[in-house]
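The same subunit A turns up in both complexes below, where it pairs with subunit B and then with subunit C.
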Partner chain A sequence: MKKTVDVSIPLGPVHPCWKEPVRLKCETAGERVLRVEVELGYMKKGIERIMRGRPWQEVMFLAERVCGICSVIHNMVFIETMEEISDIAVPPRAAYLRVIVNELDRIASHILANFSYCYTIEHETLAMYLLNTREIVLDNLERITGSRVNTAYMIPGGVRFDLLPEDAVTVLADLDKVEEEMRRHTRIFETGPLIALRSKGIGVMDREEAIRSHTVGPTARASGVSDSDLRLRHPTYQALGFEQITRTEGDNFARIMVRFQEIFQSIDLIRKCVTTLPDGPIRGGGLCRAGEGSHSGEAPRGELTYTIKTDEYGRVLDIAIRTPSIMNIEACAHAMIADAASIADVTSTFISSDPCVACNER
Partner chain B sequence: MTRYLYEKDLRPMKYTILTSTKHDRTVRAIAHRLGMADAKLRMAMIRRLDMSLLENLESRWEMGQKHADGGDGVAGELGCELFTRFIPLLDTETMQSIYDETTTMIQNGLAVDDAITRGRERIRKAVLR
Partner chain C sequence: MSILQDIKNAVRSRSIHVAYVDVGSCNGCDIEVLACLAPRYDIEQYGIYVHNNPREADVLLVIGSVTPQWVDKLRDIWDKIPEPKVAVAIGNCPISGCVYARRGTLTTPPVENYIPIAASVPGCPPRPTEILSAILSVAPLIFKDYEEKQP
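Showing the complex of A and B:
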């Protein structure tokens, strides 16, 4: 006779689908998940504490080590906060170069997130295709910045390296290749019947819940939260005519599709930047001064905020970093997974929100 | 209910989260709103909320300030939605009973401020229970 039992199922901290250690304690009644509790603390770096008292030149390198996947935006938001505090202007060419590198990083991050999801739902073929395409993006990141992951490309008042004309031609050619391959991958994802079974209507989070838990980034945009992309308020993106992508389904499928759509948008933005790149210097100069400020930027996972206090030598006296995963992991555990119809959907739903435990624990 | 094999004491880590710069500010603001000591609120939060919710406390508080308890004045004063859906310190049934009791007191002629003070007193007790 079939029997329903109440079981506590711990997932992780070490799990084949997790990229980083985190423990989800699921309480179930039969197949239904009643409640999920998130246990963190397996990779706490204490990076905010390490940053305190150090000069900005050192903190700049520490900032991009908060997260290995979206290191460029940590660099960018930290530097933009320092520029805001010290009233440093950025030359137009440098502003465009920042967008190029930031969007390349976003493409790499979104592809990795979608790879993880496809891997979790056992579509390993598409997962490997995606990783293969990601290599082209990382090669271009290396071509411009000299590094694939921790680029340290942005400095107060500009960027470290210019984009050479021959490199610009290669970047554009590679973007065409990435776009063509991504169209094929998106078609596979959109039309796969087994993918739809594991993704459509699973892990649904409605707009109200997304707002309540302050969900950000593609996770919020997949639930129909409008005006949730900070690029809308960034002057360079405004000049490039950026528009936010939003879907309303709020399920795993929507979250992955928003990332696919944003990849194409990023490709267009990079193309626009490369073809209309203004002439001029890439460094405007300026000194970091004493002050206090808070600045947010749109990371691949959503709103990233740095609150910094500096002294007259540009030393960081106090710093607080609010990463997008703080909001997204919490919303995922308490809104998407809680009350899931099957324990089998917990891993895929968790991965669909693109959780970054390194960001969350800092 | 089965029990976990490896259960860690998470209290020191939860305390570390709550005493970071921004979280500390948020805890103090919530404690001020509820009219209770910071340390007692921290203790209740550590007992009731999981680590990810504690990490997200600041954002939820921010969103709660903007969106919770729109129309109803009494619900807004008591924080009916704020302390159940945005920052789940109380379950909805307990909060509903406190709200019902407060509105009954107002209907029976007690001054609104006095009724809300009594309602808040019950909320404090429920949070610490």
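Showing the complex of A and C:
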């Protein structure tokens, strides 16, 4: 086997900065990092193998356990693929409720990503502020769906629970609180001189490299890749007037700021959904039929695709999941970290691309 | 009861270092362990410090059903932790494998086959308060008068 990296400093799999096991093998010359290779495979559970031959009622719960951080979008994309295969229509109220829950999950995921980055650059104060704000978001997720993580909220043809009017008032009040706190945290991050020293101009990836590496999500948008947000193509988001956020710097600072800006955008989307929530049923019903289809959605980390083949009883015969982080991790290793000025920048740059190892390996 | 043991008991009751290792889960339990750090739950007011370093840990939180990569490595990590030590299983995965214990899986639960588990917190995922109370209730049982209990 060809040796690509002469490892002098291995990072991981158990490392104080990593949330999940992954190993980065760094080749260094002094403090300068020449090359980095990513070693994956510590979380391979074989979910797609388990899914094959099982009814969609079981696969639905397995799909959201591909990734715990972005479990709502895995649920949503799987259900939307099943609806596309079986021609099931969703009532407008259910479509809006899906957007509310999805955006709450996105806020929680983005706050966690920014928490990890602040924790990695040792700005623990801001990290703890962010984590405390995240609890308010998770409270609302629990209020609507009944669970903090792994909510299983969506089913073919609708959603499980309705949003009660008194809950809607609480959600709106909590969103005001979250927005006020996030404005403060964003100001701290944007104007902090020490944060700027650790973030601006570190781990730069230009637009051409981002397109060549097929990066997706906030990582691509921070490098100025336009039209890369799949919410632009989702009918409910189109009705809500969604616009993509793009920055051009392409460094660690831009990637974190894109997430901060998307949090405010998500808050506005939820507010718009709750105030203009249409009346009507939350479940349309429908039967899952035989067919084959592919559907993509915008996860907090980028494009997520499910390709499913079902039989006439709604059993999943074949399934392939394409998760966003794998491209971002690879681009991070060969474009952002390569020729980094110090080992300390390797961890912070890697975390800034928001790697989700459980998603990648399944 | 020696004076030295008294001092050790006093120190150990207010200084617990925690390491967590994910051996193949959906990372839903990881983020609930991280949520314990939040000022709302404030894990550090009990003297618990989450630092993901096995060499200086007292409590190992094991998350997930065991994937093939971790079969040998989990034992290595457990051996690196200095005595006295305790392992707590977080979530359903280390107990039974949860949704991954099905035909076609690559995982080999339970974790008890690889390292001794002192306590388990069931749930998919458990709430941060449950994780916190598990650490707080199991650690004193193991650490109190540890030297005197040794044969």
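In this section, the second predicted complex is superposed on the first by the 355 of 362 C-alpha atoms of A that agree within 3 Å, B and C clash if a C-alpha of one lies under 4 Å from a C-alpha of the other, contacts with A are read in each partner's own complex, and residues count from 1 in each chain.
By definition in this document, contacts are C-beta pairs under 8 Å (C-beta built on N, C-alpha and C of every residue); 3 or more make two chains touch, one makes a residue touch a chain.
In this text the structure is predicted, and so the values were computed from the model without any measurement.
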Let's test your reading of the overlay: on subunit A, do subunit B and subunit C clash or fit side by side? fit
Have a look at where A:D174 lands relative to subunit B and subunit C in the superposition and call it first, second, both or neither. neither
Considering only touches as defined above, state whether A:G41 meets subunit B (first), subunit C (second), both or neither. both
So, A:T307: does it touch subunit B (first), subunit C (second), both, or neither? first
Max touched-residue count on subunit A (subunit B vs subunit C) belongs to chain C
Looking at A:R65, would you say it contacts subunit B, subunit C, both, or neither? Reply first, second, both or neither. second
Contacts of A:W18 with subunit B and subunit C, given as first, second, both or neither: second
Answer with first, second, both or neither: which of subunit B and subunit C does A:E84 touch in the superposed model? neither
Once both structures are overlaid, what angle do subunit B and subunit C make about subunit A, taking C-alpha centres and a multiple of 10 degrees? 100
Does the superposition put A:N132 against subunit B (first), subunit C (second), both, or neither? second
Between subunit B and subunit C, what is the tightest CA to CA spacing in Å in the combined model? 10
Overlap of subunit C and subunit B interfaces on subunit A (superposed complexes): 41, 44
If you look only at subunit A, which of its residues touch subunit C in the complex? 13-21, 41-47, 49-50, 52, 54, 61-62, 65-69, 71, 112, 115, 128, 131-132, 134-135, 138, 148-150, 356-358
Which positions of subunit C touch subunit A when the two form their complex? 19, 21-32, 34-35, 37-40, 51-54, 64-65, 67-70, 73, 77, 98-100, 102-107, 124-125, 127
List of subunit A residues in touch with subunit B within their complex: 6-8, 10, 25, 27, 37-41, 44, 48, 211-214, 307, 318, 320, 322, 326-327, 329-331, 333-334, 360
Of all residues in subunit B, those that touch subunit A in their complex: 1-4, 8, 10, 13, 20-22, 50-53, 55-56, 58-60, 62-64, 67, 85-86
